[in-house]
Amino acid sequence: MTKCFVAELVAGSTIDEVFLLAKRNLAHKKDGNPFLTVTLADRSGQVNGVVWDQVERIAAVAAEGDFVHVRAQVGEYRGTLQLVVKDMARVPEEQVDAADFLAATVRDVGKMFERLKELTGRMQNPHLKALFDLFWADEAFVAAYTRAPAAKLMHHAYIGGLLEHTLSMAVLAEMIAGHYSGVDRDLLLAGVILHDVGKIRELEYTRRIDYTDEGRLLSHIVIGLSMLDEKLKQVPGFPQVQAHLLKHMIISHHGAREFGSPEPPKTIEAILLNYIDEMDSRVNSVREYVAKDTSEGSWTPYHRLLERHFYKGPAESDN
Amino acid sequence: MTKCFVAELVAGSTIDEVFLLAKRNLAHKKDGNPFLTVTLADRSGQVNGVVWDQVERIAAVAAEGDFVHVRAQVGEYRGTLQLVVKDMARVPEEQVDAADFLAATVRDVGKMFERLKELTGRMQNPHLKALFDLFWADEAFVAAYTRAPAAKLMHHAYIGGLLEHTLSMAVLAEMIAGHYSGVDRDLLLAGVILHDVGKIRELEYTRRIDYTDEGRLLSHIVIGLSMLDEKLKQVPGFPQVQAHLLKHMIISHHGAREFGSPEPPKTIEAILLNYIDEMDSRVNSVREYVAKDTSEGSWTPYHRLLERHFYKGPAESDN
Amino acid sequence: MTKCFVAELVAGSTIDEVFLLAKRNLAHKKDGNPFLTVTLADRSGQVNGVVWDQVERIAAVAAEGDFVHVRAQVGEYRGTLQLVVKDMARVPEEQVDAADFLAATVRDVGKMFERLKELTGRMQNPHLKALFDLFWADEAFVAAYTRAPAAKLMHHAYIGGLLEHTLSMAVLAEMIAGHYSGVDRDLLLAGVILHDVGKIRELEYTRRIDYTDEGRLLSHIVIGLSMLDEKLKQVPGFPQVQAHLLKHMIISHHGAREFGSPEPPKTIEAILLNYIDEMDSRVNSVREYVAKDTSEGSWTPYHRLLERHFYKGPAESDN
Amino acid sequence: MTKCFVAELVAGSTIDEVFLLAKRNLAHKKDGNPFLTVTLADRSGQVNGVVWDQVERIAAVAAEGDFVHVRAQVGEYRGTLQLVVKDMARVPEEQVDAADFLAATVRDVGKMFERLKELTGRMQNPHLKALFDLFWADEAFVAAYTRAPAAKLMHHAYIGGLLEHTLSMAVLAEMIAGHYSGVDRDLLLAGVILHDVGKIRELEYTRRIDYTDEGRLLSHIVIGLSMLDEKLKQVPGFPQVQAHLLKHMIISHHGAREFGSPEPPKTIEAILLNYIDEMDSRVNSVREYVAKDTSEGSWTPYHRLLERHFYKGPAESDN
Amino acid sequence: MTKCFVAELVAGSTIDEVFLLAKRNLAHKKDGNPFLTVTLADRSGQVNGVVWDQVERIAAVAAEGDFVHVRAQVGEYRGTLQLVVKDMARVPEEQVDAADFLAATVRDVGKMFERLKELTGRMQNPHLKALFDLFWADEAFVAAYTRAPAAKLMHHAYIGGLLEHTLSMAVLAEMIAGHYSGVDRDLLLAGVILHDVGKIRELEYTRRIDYTDEGRLLSHIVIGLSMLDEKLKQVPGFPQVQAHLLKHMIISHHGAREFGSPEPPKTIEAILLNYIDEMDSRVNSVREYVAKDTSEGSWTPYHRLLERHFYKGPAESDN
Amino acid sequence: MTKCFVAELVAGSTIDEVFLLAKRNLAHKKDGNPFLTVTLADRSGQVNGVVWDQVERIAAVAAEGDFVHVRAQVGEYRGTLQLVVKDMARVPEEQVDAADFLAATVRDVGKMFERLKELTGRMQNPHLKALFDLFWADEAFVAAYTRAPAAKLMHHAYIGGLLEHTLSMAVLAEMIAGHYSGVDRDLLLAGVILHDVGKIRELEYTRRIDYTDEGRLLSHIVIGLSMLDEKLKQVPGFPQVQAHLLKHMIISHHGAREFGSPEPPKTIEAILLNYIDEMDSRVNSVREYVAKDTSEGSWTPYHRLLERHFYKGPAESDN
């Protein structure tokens, strides 16, 4: 039986399903009797619920962050869906399909990673090739690299998003390196593949996507640099100039100090990496924003960060 | 006999060559005798000269902006080349090869334009195709479009630079439109080809590249919009929505209000146009800046506008 | 019988009145029974309402955007007025007085327009005079020009606001052109009258004031330029230099690129236009903000856009 | 009997206590019956309450801003505490301990002020010494100076906060003046002690902390300058150069024009004052923000003004 | 005999004239012999000179800042005028017409001041009227007020410039106060007349225009406030609210903190003052910039502060 | 015999001294004869010279960057000192006292370093103590750490400047950590001592102070992080949380992203480090700027970066 996701709930139905218990709060009614409000979540969104009966018993079964099996009636409260929860029970993590709770790329992760390895396999520069042989041989790294999201909110914010974003950029980098003469294709490609590796530790992405302590204290640029530093020491004879140029690509990929890069791009390859990253992130971000918008009319709601409405296409009446 | 360009002058030699008389100034020595200082230019640069003898006669032969035939000795004054001019005579414009006085693209203009026409010829959208048929049939437009520079100083600042920049962007646009699903390839391509057409009237580029009055008062974005407006009215049945979207690409192609776009990009095609334009301009601009730098060491001088030094490659001693 | 406006509703009364059905939403109570929440609006504001009985029947009578005849009890819900709607019926647009639903200038539109025509009638410059003869002879243009608001929210945001704002500026322009020597009075006046004509198409203002697709994609500066371009072509012998200067006034009237002007003002007339526009908009905007504020004390609430409180005068206890 | 503060209320209990009646609103239920909602406050926070019975009588006993004696049941409404008020009576201000209603420094005001006087007593500069003798002899000034808060919200926002902030800065100034050679210790100290005196009139701090009309119209920098000006005229023979330098410290202490200083710091003493002020304000502000945060985990919520989360220490599970 | 100004010097002539000795420097030639370079100035500009003979004697006659009688030959050195000074003698200040050395308004100072007094004489508000009676009765103040420039460089940078600028603004204020209903004409006028009084002490303007120490340390906004403060104390019964509002106009007249105003304008009168000041300053500044430009063509050189070229009118060939 | 420094040269004297040959250029006179211009430097400044005789021989003796023994006559050319060089010979580096060519701290480096070691020796935290034991035992590190300047231009731009700046900050940190409760003194001190270690590799400081390739590509923040990373791996059992907090101090010490910090300070210790660094750098920078200014009057010339004049004290005539 397929899972009924939060986004699919219909007022008037009853459900019998597993969710993440995101928040809970025990309160009291005017008559002094307790009631429990809960927030239940899965990868499709979250919904509030309330427990009116057997409140103390149900409140004790699970803590915030646990998975819970919920039986409830789906109602509405002032125009918003609300569950009236009849019963709730804790479910061990190993019985839960994590994929139900974190959105994931719709692409084939294995194939994407193979494609990326193929690109590094064709590198002419023996030092860079050796560097990637080391990275790809590090199983813990590969496991995290192919699972991490590319961001918490802004773009590719789902399991596998880092790989999807990186591969899309790598394909663009190949085209663009072929378009302009004098571009060091291997250096550009290496920069693309490594620019966001720090996201692996900047973010946690087991039950939900959020920043780690290390991420908030150091940023993915600085973490990624340490990760690269460590691997570089293991490649015998890696030329120092090349090491500086590769590190420069990572630390400059946000394009300007005000966006978190300690130095702006100072080589053609670093300049290209910055534009390819911005273009791919922006395209993904805007397409997701438009795709998620269910409002009528030709325009999305105002996008606070990008400070504009986006055009979704002519309204029906305009055709 | 090939022309001896300003950039090729050698101290100690004598020259007998045609230049543009960019500036001249009549002054007097302490002993009361007059002397004439001149600035002579061609596409490779400019050099100062001085006339010590027959000053009045020589001063009368030509005005600023004229072409002049110059006989002179090449000397140095405190480490800079300086011509000691023996004689000077005005040369009619029709006897001069304009190509010597304005730098031009090194690419084949005819082939570049054929390539561009081929791209518009493959458009699926009949309205856009019809629009470009109109543009390409307008001989005065094509003459200017294939001759204009893309800027006064910043990038592709030479005859044919607009076409070179546009074609480079068009090729990138084809690749990128193929890379992302859901992109309107014809609309993107149309935006690319028309985004800078206003440069044709924003700049003058007969003897030197400079802004026109119209250019300074209106900007190429606004001029280009008028040019498109005029042609759109001649395409029967051009859909209004499409006209708005195409105009939007032109007016938003600088990416943000602070860079002169009255509106920021609000469609995927406009977003892509902005990134492709920035990337192609920046790559050309930095490569020209590095190419022109003759200083020793690994770094260019500080670039005031981009606020950084650029890396030119390891110094010899580093290898 | 005069209409009872939203702003005049009193808790405890019953009403029997026509409103615009701005929003509606069908929801369900905990017991599974449906209820309908609605937002009703007229030019004075909006109020929420709820339908508890005969919900399905009433929900079917009208769609968002329709005018509806409403019978209701006026109550309060946690300190805010709320209608308990007994019945609702759709009203055809032609039976409704549009003036009840869009705020309008309190000035006499006819007289304001006569005053403006008188000002253009006294122009000395035959070309500019001819241009305005054309504009005033265009009935569709005049109908829109005398009806359009000057903005969606910020200032003169009501029917006739564009004309009111323009006339106020024109009177100031007359004074100021007389105050400074060397100002081209006719050019300044022409710029004032045309600076915001693009608002006619940037905004829609039939049932509510909002942006059009064209407005969001192109901005009123660009639209106004096209409108002027079209008329200029119909004036025989309009001097090109003058055309550029007039267009320059329109595109530079926001004063700086970051505010949407592709070029900053480069003539005295364009500089004056920018200041007159800013001053008149700001004065109107602040006066409306102060006038609408019903709070006690000497200060308005914090104005988020202008980032300050405004002083309303000494509190009573201070006198 | 000690007061029960808002922050100590427990759901399920009954209270019999004095609060400030911050807001009140008379509304009507669907059945037409009135009810009264109130906001009650003391220095620890505020809580909402509702009166269901004897509404008219209770509504008449007090106005906003009065102190009221309240008998109520502490309940919860959707997870937030809410009082069900049984009865309420006005309490004359003189029967109330003001300290219960405005948070105050936890330090000993008398000792802090003695410490400050000791510092000015050790000044070598006779003019500055004479100036402070005047200030300390002005009883109304001293009363306000030792009672005023240092800000409405940001830092040291409690009774005595100005003195606490000033003394902390004065101690730092002593250390730093001893650390760097060539610093005029007396001038620096004088600047520190006077930099925020304008707060005395910029803010009101009798029942709550808020801006005065004078404060909003003139700012504490300008008010403080007038206060200093007045006292300076009473010190015979105060050297004009010194007066300018001391005034300069007051007007430049925000460090830059964009933060409200008409001139930036142009002497070493003014530079030091700016850093000492920023450091002491920031440390206090962040420590208060962290101390007030009751959320779990290693991080505070996002701080909108300072645009970051602050680290509170490792989560328990990290240890 | 009329003075020969620096701007009127012609190469090849001899002069016998009084200048300000702005700079001088004693140097040595390769042969060890001394020579003296000098900079000579009057209100029309400055010119360099050199003394080859009797160097020691001539060097001793005057110090920088003295007026000197100069006999010299006007020559050119690399295209710039240069005096070969034959002799030089110090001239006592009282024998010099100061008007030759500081540019001054071309308007009649007496008439301008009468016009201003007439405006304050018509004030309805007795307190403001009394305030100006005090100001106008202060002879030292009036002497400085009618002599001060309005700025060092930017606009009205000449003797009498403050009065000229203030009167121009006052006339505009009258018009504008009549145009908008609800504007306090007397308050606006008072703000206009007093907004820049601090310039009297911010600048020195005896032999040249420069900042005073007080000016650099405190700014004219702060100085002007002190001047007003002092006078306000002498007006019996001046209402405190009115004093705050008037002071507010002075401190907010730059419109925003980043331009040196501790608070932004918060009343209609303060808003109007800011616009009138900006408009009058900008118009004067641009007109002076255009008037001083002697280059050919339609455009001024690039204005670094205002970041644009200004249009001077069509080039002759365009007509 | 003590060296005669550039700053001590007197016109009319002859010299016989060693300088750094900073630049040289071979040019030709009008008569075709060659001459050589040179720039000679030591730690006190630089001076231009010219060789008129035996030009070819002298030009061949040394390259730019060599030390040269120079015999010359000190003359002046248009008011600036200029050497007429009679002879020049290359001097091997080992015969030169480097201290003559790079400015150095006036403090005792050995004592400063002992003081710093004493501070780390008193650390309570065993992990941080162990970390510094490792750093201090690394002789190459200590040699560089005690020799490096703190900047190229801005502050402490001399040999030993990094140590001087760091020690000054460490002493301040001790005071401030004692002043505020709850500050981790050892963590703050560790951050202070390590915040700029990357300068050791960001700059080169053998013959002159300039950026290295690594410095321009990576910045001292990123380099310092790598250096710390390497040492941290060698401290057994260094707690990960502490490592993150210490790294955070290094990367956030510029206070904001726009100044090159990938993250802003998020702990009290990081906030304090940022203020202590800014204060110490600014004080040193302004004091050096004032000390170097030899102009008359009360004010330094305009400081372009800090955008103001600094006050040097009253002019003599004011006393």
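Chains here go by letter, A, B, C, D, E and F, matching the order in which they are written, and residues are numbered from 1 within each.
The working rule: a residue touches a chain if its C-beta (ideal position, glycine included) is under 8 Å from a C-beta of that chain, and two chains touch if they have at least 3 such contacts.
Keep in mind that this is a model prediction, so the values were computed, not measured.
Visitor: Just how many steps, at minimum, does a route from chain A to chain D need if it may pass only between touching chains?
Guide: 1
Visitor: Among the other chains, which touch chain D and chain E together?
Guide: Output, common partners of chain D and chain E: C, F.
Visitor: Residue numbers at the chain C-chain E interface: does the shared fraction exceed half, giving same, or fall under half, giving different?
Guide: Result for this pair: same.
Visitor: Through what angle, to the nearest 5 degrees, does chain B rotate to match chain E on its C-alpha atoms?
Guide: Nearest-5 rotation angle for the superposition: 120 degrees.
Visitor: Using mean CA coordinates as chain centres, what's the gap between chain D and chain F in Å?
Guide: Measuring from centre to centre gives 43 Å for this pair.
Visitor: Just how far, in Å, is the C-alpha centre of chain E from the one of chain A?
Guide: Roughly 61 Å separates the two chain centres.
Visitor: For chain A, jot down the residues that touch at least 2 other chains.
Guide: 213, 216-217, 241, 245, 263, 266, 309, 311, 314, 318
Visitor: What are all the chain pairs that meet the touch criterion?
Guide: Per the contact definition above, the touching pairs are A-B, A-C, A-D, A-F, B-C, B-E, B-F, C-D, C-E, D-E, D-F, E-F.
Visitor: Under the definition above, what is the set of chain E residues touching chain F in their complex?
Guide: 25, 27-30, 32, 37, 213, 216-217
Visitor: Enumerate the contact residues on chain E facing chain C in the complex.
Guide: The touching residues are 168, 171-172, 175-176, 179-180, 182, 241, 245, 263-264, 266-268, 271-272, 275, 278-279, 282-283, 286-287, 306-311, 314, 318.
Visitor: Write out the stretch or stretches of chain F touching chain A in their complex.
Guide: 213-214, 216-219, 221-222, 225-226, 229, 241, 244-245, 247-248, 251, 257-263, 266
Visitor: Over in the complex, which chain D residues touch chain A? Could you list them?
Guide: Residue positions touching the partner: 11-12, 75-80, 84, 298-299, 309, 311, 314, 318.
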